[in-house]
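Heads up, there are several structures right after this.
In the two assemblies presented below, chain A is common to both, partnered first by chain B and then by chain C.
So, the complex of A and B:
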């Protein structure tokens, strides 16, 4: 009898202790680990810092708004200073930590890591929009929400041709002259050059010599002087904001007289601040809206910036924050879809299932934020079929044209343009 | 006798559970009663100093591979975090940017480690950053290039002055764009702070 009382008591206390212990274990088990490799101190930190902060804001918002069907995300990120060897080290560390998805940054490191990512089957959602990462036959685990750089470049030169060249007095009399400025040694800058020249030939441009402009350039007078003899009508700039500003300032001061079309990482709210009146009339690829523009879901981005990063004044936030949200929102949706289909998204080997049951089920998925609808299929990871081109004019950004390459050149889009 | 012992055990256990719950639920954290913790910089130090140097990749090193490499400059910030709330709070996020000479951002630090700070108590939290003359150069050129030009400074002169002036306490070091995130029983708050390290 007495033994039985002790036994019951022991079982009761053990039950209480186990319940308490297991509740912690259960909570820890429901964590989805996502890693981040960001540049807040390196050669692209002029745009990378805002992106990194925006990504952190987005995951905090996601956790505060139900997480992934109730499961919390543990987002851990590191600065790699735009150094490829460090990105590889950080990737290995994030893998050891059990990350199911990694949010990456630059083209050089994303392309260098791609074979490893494919082997490890970890979805890698990058801020590199290189078209080299869009063919699932070669890079099945690379993703991003934005139109790729080649689509951006093709769209930008097409919009300039449609809206500027057709109103030019020489239209129909001669070929428009076109050249490219970018850092030759940078994988990001050089990624869309082949595509934009292909598009230039398609539209009937005369193509001049490329100019090598470093990402760190503050003085580009020699490159501008070299361009002067070619008398370009329009120039592509494929760098980030600081060196784009330096180049267009020098072109303005030296009276080059050409229009500028710029890739998305060189076209943001800081460009007119740095370039002043030289920025007037500059057009650029904008795969999503500028920070605070009146589009769907922008209120969430702005209020999250206020709530989660109050140390950074709203006036200093850029469209880089919005771009980070674009990548975070497709990741959130993919995780929710995979989880609903019974995939254990907390397991570190869940990458393949998240790709197949999550990302590759997205069809014209609308994230708002001024982005085009997003689709991924097992045979095509180009998220969008065109890009919005905007212009800085009279102190504001204005839409020039929404170019849809697939609609305009369906056969080329389908058979020729994937993966480069 | 053994029955009494068993009853006593149950009683003590029950009382302990009851008392524990009283302690933790005496004041429940809410959006309204959450008091912003006071965060201040207790100390700023350079934990290891290796002088100022820079080698371009054209220079062959005695051992190892050549590359563009510069002297490291670790910086350690000891924060004092005072929890004025009548309940424990969890510090689970720190972000700040270190600026030299007020305008020049050299590193952005982030940490999501977790530290519990008891009710009404202060805690010390240490954050250590590591930059090199190479990383600072790249950051400086893309984020501070125009400001350097306006001031008529060359990036190399600025780096040398900072690498010598920061350890000696003559270069102003500023903690900007800083926020600390806290949570307590489902209430989450992030507050901005600004501090002068030296």
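So, the complex of A and C:
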């Protein structure tokens, strides 16, 4: 009897799931379907959750403010738990649902999906800012609003060299010593390493051994001890906030004495909360403003967070929300431009036209939010030419320098640095 | 093949007849219908999405067959199978991208098929290396040694060394058109599906044949009682290592196949969870049954996809559902394993066997 009830219940549930599954793609007119692949439970969920909420807020705001020239956006997103095979099935499902654009997340899955995205001609706007996604010859459908990781890394080490090393007592007497901490296995963490070492050589640094720090690291004392013999002056950390905090805390406790420069996903409002005193003086790449900073369009981001996600206190929102808005705003603008030029943006095969008539028409487009003006051309998908570097000091973030790599090294920027 | 139905009583005169695949016309008809469904029905009539789901089922089944051979047939517990899949994937990719193939071989599209076979052999040998402790240890201790395979292979060797070859982002992204077998370019959902179907069918045939031959009987004997098996004259070291080789070989083929589905590779594709997932697949499908590996794969992939689809319309009323879905999915995975272990420890394959018997004996199925 018990078994029969379980069996009936299972069959009923399966039936409901089947019915729901096959009804998912029921098309509605004048609806623009946009998909999302986010990480709210996996290895990068410490930053991914806020990004996912921010993206959802942004599309709700867009719909409440006229949509795309009157057409509404249906935004459907999934958590893939930072598991790449999972991302691939999610992508295929979103494609089946008729998504014209997909908002992606991590570097591993974005790069893994890149050949498929190229074939399917679906613009893929990711939270991965890997420079490997910026050469349209290789990845014509990958986009993001931010300066890429390599630009962030080059800018961060340049800013440290300009503002810190030049005031160091050993300046001019010896080479500054530099090493990298990151998770070797993570494509996100390893993406800018070649570029930052290239920049370090360009600026005349001595480069030490890399240290492997997991994204889940809670204890990094062995890596800090290994660094101690090298006596680094500055260290790059390429992970996300949680493991960055663990590392700089250990370095502080063990008296390593080096400065830290951090990639954008490891540098947010949570860093000083998690690292405490150890966060003092940490510099990081900030391709957009922190949540609530006084910059253009931030009022929209903050009021939307209040309106659409009242369950998450404003005090707990991060710059990840702002980053999500950055990607959503360029998507909105591209769709509006493509729509005005007569592209039927509701059709699932509109990706190529949206790319040509939308994204690739953006020239120095200002989204506010403390981000650099954004440009995409058919030959160059690097959205920005430099990055703002900030420092955590005295309980606040302060601007250290706005580094513009294109202005400083125009020839290298143009001929050498695209795509890595 | 004397009749449509197997007559009452046991008329088999020898082992070969007893183990024959085509015992009746009805069975032959069923198998032909199954092959027609797999090779014609699904690719022609299912949408692109469902074809891709079919591909994921096949990939999972390819991995699970090796786990089934080790755990289900040989009693060798493993929790490191993702490592051998990774070895296959990396061997195939490295061969395609880095090996100086003669132009004639490249032009004739033989690089990928050769790389599949080499990937199988490399993964098989690598698996044997980690199978060596099985000579001395078993059970819980063997689980730990196979887990070492995961950490040494994926987290250390592949991540620290192999992934660095050729430069970050360059070496492991396969340009379009690279993966082809002769003139057949594998570059869309259906071609990937067909390759999966061919490879999976071959793997099932090979494994089923092995299981009804001397090695298969030796594996089952070792699983049931290794001391008794040794007393009967079975060289248990040889057969245990052979089981690891065959399981690794199949994992290598699965890995080489995975490359054509993604055209890109990183160590993150082969995390430890995949090894655990494959054990879950055979627990749900049925331990000690080839069908079990396939049923388990269908259950774990298709049911999870359906759950996800059901979540989409529900998310309008329960917005955090999508955010929490990965948790819900992992919970469903755990619950499914618990439920099967408690209510149906023999797995879906046993249910299938019961259903088959019911209809075979109908209307006298008592």
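Criterion: the second predicted complex is superposed on the first by the 393 of 420 C-alpha atoms of A that agree within 3 Å, B and C clash if a C-alpha of one lies under 4 Å from a C-alpha of the other, contacts with A are read in each partner's own complex, and residues count from 1 in each chain.
Heads up, the rule we're going with is that contacts are C-beta pairs under 8 Å (C-beta built on N, C-alpha and C of every residue); 3 or more make two chains touch, one makes a residue touch a chain.
Fair warning: this is a prediction, and the values are worked out from it, not measured in the lab.
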| item | value |
| --- | --- |
| Fit or clash between chain C and chain B when superposed on chain A | clash |
| Partner chain(s) touched by A:76 [first = chain B, second = chain C, both, neither] | both |
| Which of chain B and chain C A:42 touches, first, second, both or neither | both |
| Which superposed partner A:242 touches (first chain B, second chain C, both, neither) | first |
| Partner chain(s) touched by A:190 [first = chain B, second = chain C, both, neither] | second |
| First (chain B), second (chain C), both or neither touched by A:274 | first |
| Chain C versus chain B, contacts on chain A by residue | C |
| First, second, both or neither for A:303, with chain B first and chain C second | neither |
| Touching partner for A:52 - first (chain B), second (chain C), both, neither | both |
| Identified clashing stretch of chain B versus chain C [7-15, 61-69 or 133-141] | 61-69 |
| Chain B and chain C contact sites that coincide on chain A, given as residue numbers | 6, 40-42, 49, 52-53, 56, 76-77, 79, 81-82 |
| Chain B - residues contacting chain A, complex | 2-3, 6, 9-10, 13, 95-97, 105-108, 110, 112, 131, 135-136, 138-139, 141-143, 145-146, 149, 176-179, 181, 188, 190-194 |
| Touching residues (chain side chain A, partner chain B) in the complex | 2, 5-6, 9, 13, 40-46, 49, 52-53, 56, 60, 64, 75-77, 79, 81-82, 215-216, 218, 240, 242-243, 245-246, 274, 307-312 |
| Of all residues in chain A, those that touch chain C in their complex | 3, 6, 14, 16-18, 20-24, 38, 40-42, 49, 52-53, 56, 76-86, 88-89, 92-93, 95-97, 108, 111-116, 118-119, 130, 132, 138, 184-187, 190-191, 193-194, 212, 420 |
| In the complex with chain A, residue positions of chain C that touch it | 47-49, 52-53, 56, 154-155, 159-160, 163, 167-169, 173-174, 176, 187-189, 261-269, 271, 273-274, 303, 305-310, 312-315, 319, 322-327, 330, 343 |
